[in-house]
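To start, the structure under review is shown below, and the notes come after it.
Which chain is which? They are A, B and C, in the order written, and residues in each are numbered from 1.
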Amino acid sequence: METLEIRTGSREEMIDITGQVRTLLRKNGWKNGALLLYCPHTTGAITVNEGADPSVVRDITVNMRKLVPLHGDYKHLEGNSDAHIKTSMFGPDQMLIIEDGDIMLGTWQRIFFCEFDGPRNRKLWAQFMSS
Amino acid sequence: METLEIRTGSREEMIDITGQVRTLLRKNGWKNGALLLYCPHTTGAITVNEGADPSVVRDITVNMRKLVPLHGDYKHLEGNSDAHIKTSMFGPDQMLIIEDGDIMLGTWQRIFFCEFDGPRNRKLWAQFMSS
Amino acid sequence: METLEIRTGSREEMIDITGQVRTLLRKNGWKNGALLLYCPHTTGAITVNEGADPSVVRDITVNMRKLVPLHGDYKHLEGNSDAHIKTSMFGPDQMLIIEDGDIMLGTWQRIFFCEFDGPRNRKLWAQFMSS
């Protein structure tokens, strides 16, 4: 298992980590198989979505906040229940196909860490399975 | 990595791809392990849900459109931000257990490609990991 | 493939299955790799979230019911379309990293079976992939 370190800068944001994941592949010589990216936090998730137009991640972030608002019928005293709910909706795990040492992504796809309760120092774990 | 091709017929629909995935298993002789299905598009996803009563996928499609409407507070100029949001909610990856060359599915489960911005020609990728 | 058995006690709840998954690892001698947990039901899902404060799973359950209500524009005659929708939002599969025979979880993380249409007797499937 390898670890990525991420510093987030605001309460809710999506950070493109595709470059960091590529560096990890090269460093470890991972060539062909599948990569499990796993978020060990309960107020953050991993997703894959469009990275070409930054409006897309803005639209996702803003509208997820509307769907699951910061204030609501919450009992959890830390005041971040919205972040926990969004974490289970997006999921803490992301599987990726690896071929010839690179991540197989669609034309517009980038890998994002989704911060739902930042800013914080975050870690992501990566486990490679060779095919 | 293998590729499945799908032609979708409307803007939002869920297409049962279980038969196509089974054909892929047989063609490649994949016997025991896990299969990663991966959608390289940013306005489509893969899920597993009930396939016996077609009302279920109708209810999912109609109510996801209510939760994440076509028109809203969106900046992305392509006008399909709803599709991007739904893609991250359902997720582009789906893991399946493979035993004796068949997909292990529950009694009512079928595998669906979720089109959120069609009609389009779509591809899905499949990576097998033997156990 | 191995099977876990779970008895749920109400219509909607999240049951901590971390202990049962740990027992499965020990019983099978699974040491290093990744574990696929898979739910063969179409009205239940698996997620990872905070287990320290029980208010968190209460907040998730209550607010998911608000987002996807029991009664609505549903055609499926069984009356549990809300449960099917939530199943695709949380997803039936969960990947976990296994090291030295233990599940790699963040400080506050626990594994939950999400019951959306109980009470019922449920099964979960587990497939280990060694790294």
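One rule holds for everything that comes next: contacts are C-beta pairs under 8 Å (C-beta built on N, C-alpha and C of every residue); 3 or more make two chains touch, one makes a residue touch a chain.
Note that the structure is predicted; figures quoted are calculated from it, not measured.
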The angle in degrees, nearest 5, through which chain A must rotate for its Cα atoms to match chain B is 120
More than half overlap in residue numbers between the two sides of the chain B-chain C interface, or less? Answer same or different.
different
Whole-Å distance, chain B centre to chain C centre, using C-alpha means?
20
Can you list the chain C residues in contact with two or more other chains?
67, 89, 91, 95, 129
List of chain C residues in touch with chain B within their complex
1, 36, 38-42, 67-68, 72-78, 81, 84-85, 87-89, 91-93, 95, 125, 127-130
Using the touch definition up top, name the residues of chain C that touch chain A in the complex.
33-34, 47-50, 53, 55-56, 58-60, 62-64, 66-67, 89-91, 94-97, 99, 104-109, 114, 129, 131
